[in-house]
Structure formats: structure tokens, C-alpha cells
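Before we start, here is the structure in question, set down as C-alpha cells.
Order of writing sets the chain letters: A, B, C and D. Residues in each chain are counted from 1.
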Amino acid sequence: MELQLDADGLTAFLARDFPQVADQLRIESVAPMALRLRMLIDERHLRPGGTVSGPAMFGLADVGVYLAILAMVGPVALAVTTSCSVDFMRKPAAGADLVAEVRLLKLGRVLAVGDALIHSDGVAAPVARASLTYSIPPAMG
Amino acid sequence: MELQLDADGLTAFLARDFPQVADQLRIESVAPMALRLRMLIDERHLRPGGTVSGPAMFGLADVGVYLAILAMVGPVALAVTTSCSVDFMRKPAAGADLVAEVRLLKLGRVLAVGDALIHSDGVAAPVARASLTYSIPPAMG
Amino acid sequence: MELQLDADGLTAFLARDFPQVADQLRIESVAPMALRLRMLIDERHLRPGGTVSGPAMFGLADVGVYLAILAMVGPVALAVTTSCSVDFMRKPAAGADLVAEVRLLKLGRVLAVGDALIHSDGVAAPVARASLTYSIPPAMG
Amino acid sequence: MELQLDADGLTAFLARDFPQVADQLRIESVAPMALRLRMLIDERHLRPGGTVSGPAMFGLADVGVYLAILAMVGPVALAVTTSCSVDFMRKPAAGADLVAEVRLLKLGRVLAVGDALIHSDGVAAPVARASLTYSIPPAMG
């Protein structure tokens, strides 16, 4: 399968459809069924003590898999997150961006499944892993 | 087991330790191993189209189970979220608060487990369910 | 919504379509969007040490939610399990049956979601909780 | 970290402590924080229609991550599965073994986390993914 949207196309999509998070995210690379997404950490993402909040990490994984789907099918319709599971494994490094390595594991007619491994930038041990399932509207199939 | 913190005690804890979300949340009731938490929905929680975002629902469930743990053990130490799973089942009603019914299913020496059923206020069918696991630091046991 | 299959109808379905597990399971009650299922524990379900195995508990929850779906839609087609999450919370009591209290939380056109709380018979504290998602084939809608 | 048990050591452990499943499993390779495990499919694992059952796939992932932990810490004590999430993505190929590629993502003092990607032997697209969390007894730390 070929890519329908490259990193520039996905960045333009983010800026237009998700203006509230677009400035926090950088698409570092995109390939068939895979994508690398960086979250620029600032005050909005932090909990007391300086660690990145759980919802921020969940949001990074959610947007990452969503963009990996759009890269394959194009910006034609809205996939909807139907379920997720996340394991929070380590405390993110203070002051470091988070980087999500996303794999698309299934891109079916009605369901898509992907996972993400999230690292603090420059640290090998992952801080979280997440898997997400999306329901794909009929028009998108 | 007796409650160590009632709704007023938990509200004071939220205001002091989670000032960034305290004004969005109302503890409606608390009982041994159970809690009802309301999220006052505003612009910050919305996605394009007017639905509440996935990270906002995740955050509601996460804080809800966390508060149910604190109600039982007191505000002595920080439990850490180690894993969660969420099913997003229906689109939240536009303009309605979300209400989470939280059950604490296990409160062990090292792990606590709870779940939450989330409704749009005034609508019977749930919009999401979530289950969460917390690691409890030694001092808290 | 009305029940399409009662406990007798579900039991007959189990005996015909799942002969390999039908003799281990008893449908104790069925109601709209809810079902109570007992697993008669024997040697096949045990791990060294006498506890019920994880796969056996997973199977109980999986069949329980599946039967709750069939009770609502009738034995017309095969729903397929697409995802599950399980929390194993306590060691099951030795020599006791397991009882699953199943709730159907969503029964949509393409997806169904349910959860199960599993107890050792006669013990209040749950041993496990599980949530499961099923994809419903078009003919079933 | 060095391996405490190699494939032969893990195979001997399986035969002694899990005689009921040892003959169905082959450890194909083991490395620090990684393991490849094959399930020899036979009648016991099949559902009507010839597909491998969900509980069998869950069991494969569960034993796979468990063995990856033992490879690192040695056969000193029993880690207990505390939670899992599984996505069932495709129908396994009829008559083919299943192969699980296991990664250990965290091996902490009290919790270990791993995931598994499961393929039908000889087919690239995965049939399932699973993530599992284990509680590690104090003596094991």
C-alpha cells in the first residue's frame, strides 16, 4: 500500500483540523504502517512534580495512531477511537520531549489497530506503551 | 473499612494538589470503595464538532479512581497509575457534563484496581468505561 | 429491547455450538443486557497450586459476554471478539466455582461492548474483572 | 543484564512446572528482554470452524512474557499476572502453528510489563497483539 499523505500533508491536516494540539506535535517521519511523532512538552502537559500527565501521554498515542491511519487512507473521513489500553512504565525525564514510535498493525474495512511505544527524547527505556482501536466509517473503507 | 477523607476533604485535596483541574471537577458523593465525580465541560475539553475529547474522558476516570483510593487510605502518599483500559462507546451529548460512577474493586498492599462508568449527565446509556490500576508506594500500605 | 433467547435457549445453543465447553458452564440467569454465568471448576482449569488459570477466567468472561449478546440478537450469526482487557485481582478460592456477572454496555450496529465481574462462589471480593469488544457481522445488525 | 536461563533451561522449567502445556510449546529463541515462542496447534486449541480459540492465544502470550521474565531473573519465585489486554486482529490460518514475538518492556522491582505480537507461522500479518503486567513477589526483586 502506498502513502496517501506524507509528513507535510499530515502536518497541514493537523494545523487545520486539530489547531488546539497542532503546535505541540511534530511528525518526524512517516512510512507505510508506521509513524514517528514528537510531543513538545510544556507547562500544559505537566503534573505537580514536573512529570508529564497521563492524559497527555494518552493523547500523544491517540493522535499518533490516528495520523498513521490517515497517512494510509487519506483525509477523507473521521475514524473514531473505540478502545485503548495503556501501560505507564516509567517516570518521563524532566524537561524532555516525548517521542512515540507508532505501528499500524491492522487496517481493515471497519476496524484499525495500532500501538505506540513512548520514550523520553534521548532515553532508551520506554515510559509508556499504548494500543488503540479505531472504528472506520463506511465511506472510508 | 472506614473513609479517611469525605467529599469535603477530597475537594480540599484537589484544590491544593491538582489546581489545574480542580475547578473542572465536583465530587458528588463518596462511600467506602465508591465515588461519583462530575466533570464540568467547557471549551478545554472539546474536540472539533463539540464532542468531549478522549484525553478528557481518560483524565476524568483516572482522577476518579485516584480519589476513591485516597478516600480509603488518606492523603498520605502518591499512588501512581500503572495501566488503564478504556472503551469509548457513544458520542457524549453536546453541552452536557460528564458523570463518572467509580468502583474500587481492589485495594491491596501494592496494587489498587478500580473502574468507572461515564455518562453524559441525564443520559442513561454510558459514553465510556474505564479500568485503572495504581501502584501504591510502600509508605502507603 | 426484548430477549431473543432465554436461559434454556442459550443452554441449547452452547450444547450445539460449543460442545467442548458446554458441560463446564451453567447459565444462572439472563435479563436484557445482563447475564450470570457459572463455571464448574475441575482439573482442566487448574494451574499448579490449585488456582484457576488465567486462560480459564478469560474464557469465562468471553463466553459470558458473547451469550449476553446472543440473548439480545438471537443465534443468527457469529460475533467475533476483537479486544479484551482483564485485571486479575485476587487468587480464586480453592475448590470453588467461578461466577461471572455480565453487563452488556453497548449493542451497536457494528460493535458490542460488555464487562464481567468474576467471583469465587460464596466470596464477595472479586477475583477478576474483564471487558470485551465484539465485531458484529453485517447480517446481524 | 545477563540471561539467567537459556532456551534449554526454560524448556526444563516448563516441563517440570507446567506439564499440562509444556508439550504444546517450543522456545525458539531467547535473548535479553526478548523471546520467541511457538505454539504447536492441535485439536485442543480449536473452535468450531477450525480457528484457534481466544483463550489459547491469550495463554500463549501469557506464558511467553512469563518465560521472558524468568529468563532474566531465574526460576526463583512466581510472578503473578495482574492485567492483560489483547487485540484479536485477524483469523489465524487453518492448520498453522502460532508464533509469539515477545518483548519485555519493563522489569522493575515490583512490576514487569511485556508485549507479544502473534503470527500464524509463515504469514506476515499478525493475528493478535497482547500486553501483560506481572506482579513480582518481594523475594524475586
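Assume a contact is a pair of C-beta atoms (placed from the backbone, for glycine too) under 8 Å apart; a residue touches a chain by one contact, two chains touch by 3 or more.
If you're wondering where the values come from, they're calculated on a predicted model, not measured in any experiment.
Trainee: Starting from the defined contact criterion, work out which chains touch chain A and chain C both, please.
Mentor: B, D
Trainee: Considering only mean CA positions as chain centres, point out the chain farthest from chain D.
Mentor: B
Trainee: When contacts are scored as defined above, which chain pair ends up with more C-beta pairs, A-D or A-B?
Mentor: Per the contact counts, A-B leads.
Trainee: Let me have the rounded angstrom distance from the C-alpha centre of chain B over to the C-alpha centre of chain D, please.
Mentor: That gives a centre separation of 33 Å.
Trainee: Using the average of all C-alpha atoms in each chain as its centre, how far is it in Å between chain A and chain D?
Mentor: 27
Trainee: On a C-alpha centroid basis, what's the spacing between chain A and chain B, in Å?
Mentor: 24
Trainee: Of all residues in chain A, which are in touch with two or more distinct other chains?
Mentor: 82-83, 85, 87, 89, 133
Trainee: Would you pull the chain D residues touching chain A in the complex into a rising list?
Mentor: Residues 85, 87, 89-90, 105-106, 108, 113, 115, 117, 125-126, 129, 131, 133.
Trainee: Which chain B residues qualify as touching chain D in the complex?
Mentor: Spelled out, the residues of chain B in touch with chain D are 82-83, 85, 110-111, 133, 135.
Trainee: In the complex, go through chain D and note every residue touching chain C.
Mentor: Residue positions touching the partner: 17-18, 48, 53-56, 58-59, 62, 80-89.
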